[in-house]
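Report on the following structure.
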Amino acid sequence: MSAIEDILDRFATGEIDRAEASTALGRAYFENLGHSTIDHDRLRRTGSPEVIYGEHKSPEQVAATFKAVADRGHNALATRVSETAAAAALAAVPGAVHHAEARLVTFKQVEPDPVDTQVAVVTAGTSDLAVAEEAALTAEFYDSPVLRINDVGVAGVHRLLARVEEIRSTKVVVVVAGMEGALPSVVGGLIDKPVIAVPTSVGYGASFNGVAALLGMLNSCASGVSVVNIDNGFGAGYLANMINRL
Amino acid sequence: MSAIEDILDRFATGEIDRAEASTALGRAYFENLGHSTIDHDRLRRTGSPEVIYGEHKSPEQVAATFKAVADRGHNALATRVSETAAAAALAAVPGAVHHAEARLVTFKQVEPDPVDTQVAVVTAGTSDLAVAEEAALTAEFYDSPVLRINDVGVAGVHRLLARVEEIRSTKVVVVVAGMEGALPSVVGGLIDKPVIAVPTSVGYGASFNGVAALLGMLNSCASGVSVVNIDNGFGAGYLANMINRL
Amino acid sequence: MSAIEDILDRFATGEIDRAEASTALGRAYFENLGHSTIDHDRLRRTGSPEVIYGEHKSPEQVAATFKAVADRGHNALATRVSETAAAAALAAVPGAVHHAEARLVTFKQVEPDPVDTQVAVVTAGTSDLAVAEEAALTAEFYDSPVLRINDVGVAGVHRLLARVEEIRSTKVVVVVAGMEGALPSVVGGLIDKPVIAVPTSVGYGASFNGVAALLGMLNSCASGVSVVNIDNGFGAGYLANMINRL
Amino acid sequence: MSAIEDILDRFATGEIDRAEASTALGRAYFENLGHSTIDHDRLRRTGSPEVIYGEHKSPEQVAATFKAVADRGHNALATRVSETAAAAALAAVPGAVHHAEARLVTFKQVEPDPVDTQVAVVTAGTSDLAVAEEAALTAEFYDSPVLRINDVGVAGVHRLLARVEEIRSTKVVVVVAGMEGALPSVVGGLIDKPVIAVPTSVGYGASFNGVAALLGMLNSCASGVSVVNIDNGFGAGYLANMINRL
Amino acid sequence: MSAIEDILDRFATGEIDRAEASTALGRAYFENLGHSTIDHDRLRRTGSPEVIYGEHKSPEQVAATFKAVADRGHNALATRVSETAAAAALAAVPGAVHHAEARLVTFKQVEPDPVDTQVAVVTAGTSDLAVAEEAALTAEFYDSPVLRINDVGVAGVHRLLARVEEIRSTKVVVVVAGMEGALPSVVGGLIDKPVIAVPTSVGYGASFNGVAALLGMLNSCASGVSVVNIDNGFGAGYLANMINRL
Amino acid sequence: MSAIEDILDRFATGEIDRAEASTALGRAYFENLGHSTIDHDRLRRTGSPEVIYGEHKSPEQVAATFKAVADRGHNALATRVSETAAAAALAAVPGAVHHAEARLVTFKQVEPDPVDTQVAVVTAGTSDLAVAEEAALTAEFYDSPVLRINDVGVAGVHRLLARVEEIRSTKVVVVVAGMEGALPSVVGGLIDKPVIAVPTSVGYGASFNGVAALLGMLNSCASGVSVVNIDNGFGAGYLANMINRL
Amino acid sequence: MSAIEDILDRFATGEIDRAEASTALGRAYFENLGHSTIDHDRLRRTGSPEVIYGEHKSPEQVAATFKAVADRGHNALATRVSETAAAAALAAVPGAVHHAEARLVTFKQVEPDPVDTQVAVVTAGTSDLAVAEEAALTAEFYDSPVLRINDVGVAGVHRLLARVEEIRSTKVVVVVAGMEGALPSVVGGLIDKPVIAVPTSVGYGASFNGVAALLGMLNSCASGVSVVNIDNGFGAGYLANMINRL
Amino acid sequence: MSAIEDILDRFATGEIDRAEASTALGRAYFENLGHSTIDHDRLRRTGSPEVIYGEHKSPEQVAATFKAVADRGHNALATRVSETAAAAALAAVPGAVHHAEARLVTFKQVEPDPVDTQVAVVTAGTSDLAVAEEAALTAEFYDSPVLRINDVGVAGVHRLLARVEEIRSTKVVVVVAGMEGALPSVVGGLIDKPVIAVPTSVGYGASFNGVAALLGMLNSCASGVSVVNIDNGFGAGYLANMINRL
């Protein structure tokens, strides 16, 4: 029985009154830090505790929310974290780890059920590595094994063809590409697994900071391809793990 | 052993020469209709035969490619088909079915393996129905059972809350919304399944024919959400079935 | 009788001639500082003295216009003020206050009529706090009491539902959100009060510095929602107070 | 006591069981027409029954939802209704009225509390009339008296100045303008009431179907101005009535 | 000696005076039809007589300019010609030919020097055929032999690989693609010849009438690729012939 | 003495009271037709009576405002007039003239002072003629003589060079161009007169209905160039006459 | 007789041969500095020597081109000059003057004919001053007297009305405004002189660095308004002087 | 016989088995550095070894890939290289050369076949020099002789006309321009050679970092013009050499 059902039953039987029920329900669901309202019920609802989005937050805010999640006994993950905020989070939660290139801070204290199947993370070019690592490390944070394949963009399509069988052996594929963003279409035409396309802001001029890649991926002529926000490695890794565990 | 491997072995053993091998490989892979090159190998590679994209094609071209797929013994699906092209396809392939609202033509002669789990297709408003039906019928074409939930947009969020348990019972959720496109974020925050967001061109003024909804979905603050092209019901239904069958 | 009507009467009776009337009218209306033309009539016309927009102005210009308003005996407010300009304004007007996070400088010497009803300022996430504070402090500058509710975005909609009754108790609601900007739609569907939506530049990639949130809010499927410029906390707070005092 | 509270009490006292309570709650809240989920609780939550958005819906769908609202005893309003859909709605609900220029269909059977104060609806040009009428008729549907002032755009600012006192006598002002959309700024600088700005798609070339006016209004240098979607006369009229009744 | 040099010499020697020289030069260069100024010198300058752009012109204007070019003894080509304008051109110039799918009208009375090398015109999908034919027929108008390869888009990359050797045998390659426009990158990575990429308006939603394909091609990670306007088959065919004849 | 000054004097001397003065001033300034507020004072203020913008107006509205201007004894001009509205205007004002290509209706009953100097209207191509005629006829409506030079675009720059002296003989130059909109830069670099650049919507694909030409003109590297809206022949002709008469 | 005509005559009479004529013509027209080709003929053609655009140039390049113009005996003007480049120019040309706020460097050694009439430069707000000074100083560089009127934006329209007669006394008006850019429309509706509108990048959020103001100005409902590039004070001042001297 | 064919033959004859063949093929084609997959087969396929794109890469990555190409005995080229990365590359590959203005690093150890014909690189203004040098140095890296012509933009078109014959003597022309980007149209109308247009980000305001120039070039009314990405000097130089060597 969930904590929520327990409170409802106690209210129905009169063990607690309406006011007490309301307060108890509130605490079970979330915690008010003033500047933030931490969603402690999220794990039950969505299978994952709340993730801290680090941008536009002060180092103090990042550290406080990171610690609040960790203190509940959950694994904690913060994304798009500046150097300063990462230092604050590590000071607040001993044992946390900073992945600088991917701008992540992680803290693991619970092991999820193991999973056999793999997530592939494929990049078009070396310049896409930071975003790809954000995806790969996120999937690994949720304990999905990751196969990394780098720099197999469409201008040298034989590099990709040589590794198609490896990619086919995984359950879901994250494809990270900037510039024209064509790699997901080619991959999607070669395999029978879901492709999560991540446009990156790699490029210049008419790449418009990733818009060209984003549009290319949204208009993919291959089936089985869906898209996340520009440079959203976290979102792709999260979804990949979710599909990998279905 | 696949047809391809068979040809390679016959070449290695000298049963056929290089020129014969080349011709045989070509026929196994695709068929040249002049205006189109039909990808008969696609079923092996991606688990699904080629789908005919109906727009910008003449009725004769649609009918010919639809028939070419059907004649190989595959199930056939054509999308974004005009009334005239649908008539041509039905004339060319007796037994084909026209789904007018969703602009699909389907022809089924093979039954895939049955699957127990369900795909949910959820709409924000009644105006989104045509796109949602394109998604639902596509998933059903590949034999995934579909749960349809209509008109539960965020301006009356209790309508959605009342049906969350139903949605949670499915394996993957397609969410179809126009205007501000906020429904996938709310759904994604309530469940632990992949959400495939489909922006629609429903709206006016600053909806810019679906751009507002598309941007809203790409920037979703909920995790587990990915996005397909505006009005791309087919793409969402195809991917939903693919995930549903993992 | 207003100063203007007084001058007109004196002109009609011949007490002053046309040239004198013109000069007197000019002084009653505005003051020419060379680089700026201060609108001293604004209080009569719009119920509020002129507010100083601090961007693209030198610290000297900000301080001089701030002082000119204060010297007339009005309360003074400057927005989007840099650190340097704030220091100059405080030096010019002793007793002025700098609100650093919200980038406001205020100086109060007149108390408006008290008002009982409240303005709510609601944020989707902690990253939206600076803009929300600009709105809240502006409403408070005009002596509207403010209820602050933070971090109740749509990805955890129960956090919002738990506080709907509080929001309903206010007279007008400012909703501040970045990313997909969906919160105003959900709030607007739950209450019967005007919602002033403030898109923020919080987000990355296809948020396009707040454009995604702006479009989401303009296309809100909820009624009773209107929108101000991206990051325009001042405008929202000003309008909220105006409505709160109707 | 609301219907909802009544059901909850009957559940708490055991008069109905959990399953019965769930069903009763559902019916009190909304009605499932298959293609639509009508939000019957909206009146309680937001002070207004659900409004039917007519675009992208079949005439049958418009008529059915319009009738479902009317059959509950509510006043009914449908917006952006085609000629055909209007005819269907009038056939379904005898006594309904079609306002062709504003593309509205209304049906009134309940009179709200009367209100003394007025809403002003001001247009920049004659070409903006259709949108302005949508706003004015919407406010009148909710029984706010409306003052209409037409064709007082900024290229002849004395036309506006001559009527400022009339506008000042109202409680809230809707300003409708296309092209450069400058009228709300001038009006906002002259009065101390909330201004709801409605950009219209009137114009050509670089008006981009109302985008120029929309941007002009969002960047208004006057305070007290907020903005709704391009051509959204309904939204402005709805909000104006809401503010008028505060 | 060119006509121009002849006139200059006659002026230098005094055979004609300054006024006569000016008039003679004018006639040698262009012809004033009132609505049009036909550029008869263009053949000398650029190697090709003026081509008539048919859009936004009346049938009479198209026919008159087409005839004026033909009457000078040049081959004539009109692009983007409506059915009506084509009929007018054929009536004005007996022997002209209408290519309906490509919207061209051609009239040939002069044979250029033959050329051995070939232009390849490659399409991603059958929907791109009209633009591809505009390119191919234009190259053929200038007497370049054309190799047509259709429907070899990146979602089935083996279709392209099977025909790479054919493409390599040509001197310059026009690649026509809509949707994500990825084919030129893949082709450019496989061959050592100039690739002229033509984005088409094939697609829907976020293809934005060819913008996605255009951006994809401009950001191509393959070298040797340049781009022409969306749907500009003529421009690609013209340039391909020019390169083919170098 | 103007009518306004006359009224003011009569008020100052007591001949009329404040209420009478107010009414008289109102009538002198504008006329309220209900749907329109005609600006009869505009002639005094700006040197030209009000011009009727025909788009988004019913034929009845166009005809009524056109007649109201004519009935005051002014010359009347309506722009962007549909065929139907033109017929209505001609029926309402006998003697009015319809210029179909330029979509203007004019009625002249007053001759302005003659002017010796000329306005040049130059087009890049024949497709730009309709907009150019709107400019030329507008300038002629205000009695400026017009020199028309057509089809001298930058792809054949000698056509322009041959006519530079003619253009230099005028006082102000309107340059009308679509596609890349480069002609104003070249003209502006050759003459010492103001250049009014009019981008047209001529083109396709990445011309974006005139945006490419508009941007080209705004970024002109030549000095003395200013720009009006896309296809705004009227605005250019009006301004050209105004400059021509300085 | 111009230098060019002199050379032509010497060629026609045989005093110089074709090669010598070509060389002499080249030197009369322009000077090749390697990185730059200075257009010395520009004064004859357009009435003004070449102006140096300072951006994207090294300080050495700015100084060298500035000196080359000055050494020919012309007045010299450089725009958008960095602090470093200004110092280099002043070192290269003693007597040159740096206007820091407007980012101009000027050097005057020739006095043009005096002109009686004035150019008005009007700003909407104090933040627009830098661009306005660029315009005013440019007009003064060409010896047009300038009337400066600051901070009379549309949110306090009486500030403008009080100064209309002053503005009417000038021959041409430059109006500089950011944000919604509405001031040119109001000014254009009050006077009968050409209005040159300069959008500035003043604003934030949906001002898009001046795009909102630019669009507002292009769509001005007032006649007689034309527009230059965002922040292009130089272009406006140059054109204003040109019109002022007609 | 190529290395690939050699491996295939050895497999067909049984000299090596399938596993060995696979490994050998892999090494012949590319080299896996972990972060990068170097495409060693590219020289055979496209006539040029892989070029290193320096942006978004660490100095270590740039140096390692640069060295890997050089170690194979190929000429090496890295583009868009930061100062730091250039230093790293020079340290890794003694003899490499850094071209700072063009941001290139080159290393040559092989001389290609000489070619007689020339590439022209033409700029509109001095501000375009950095991009032009990237193009010119790239063409020279591949041993095409380059003719440089600078600062001949359309605002002084005689500067261009004076040098047309020089340009006509080359085989292919790269035209580099910012602002309105009109130069390629004028050049394309004067010569009979392919024009590769390179838009640059030179300009401000509505140049939108090169978008105005890009659109101008895509809409060029001259034939024979194609376009590369904004500031893509490398791409233009690469393609120019490729065409020059046909």
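We just call them A, B, C, D, E, F, G and H in the order they show up, numbering each chain from 1.
Going forward, a residue touches a chain if its C-beta (ideal position, glycine included) is under 8 Å from a C-beta of that chain, and two chains touch if they have at least 3 such contacts.
All figures in this text were calculated on a predicted structure; none of them were measured in a lab.
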Item to check | Minimal step count in the chain contact network, subunit D to subunit F | outcome: 1
Item to check | Farthest-lying chain, centroid of Cα atoms versus that of subunit B | outcome: G
Item to check | More contacts between chains, E-F or C-D | outcome: C-D
Item to check | Whole-Å separation of chain centres (CA-atom averages), subunit B against subunit F | outcome: 53
Next on the checklist: Please tell me the distance, in whole Å, between the geometric centres of subunit B and subunit G computed from their C-alpha atoms.
Outcome noted: 58
Checklist entry - For subunit G, what residues touch not just one other chain but two or more? => result 42, 53, 125, 155-156, 188-190, 205-207, 211, 214, 218-219, 221, 223, 229-230
Item to check | Interface residues, subunit G side, partner subunit F - complex | outcome: 42, 45-48, 51, 53, 171-172, 188-194, 196, 214, 218-219, 221, 223-230, 234-236, 238-239, 242-243, 246
Item to check | Residues of subunit C defined as touching subunit B within the complex | outcome: 124-125, 153-157, 161, 179-182, 185-186, 188-190, 203, 205-208, 211-213, 215-223
Next on the checklist: Under the definition above, what is the set of subunit B residues touching subunit E in their complex?
Outcome noted: 25-26, 29-30, 34-37, 39, 41-42, 50, 53, 55-57, 61, 65, 80, 199, 201, 209-211, 214, 229-232
Checklist entry - Given the complex with subunit C, which residues does subunit G contribute to the contact? => result 125-130, 150-152, 155-156, 158-159, 162, 178, 202, 204-207
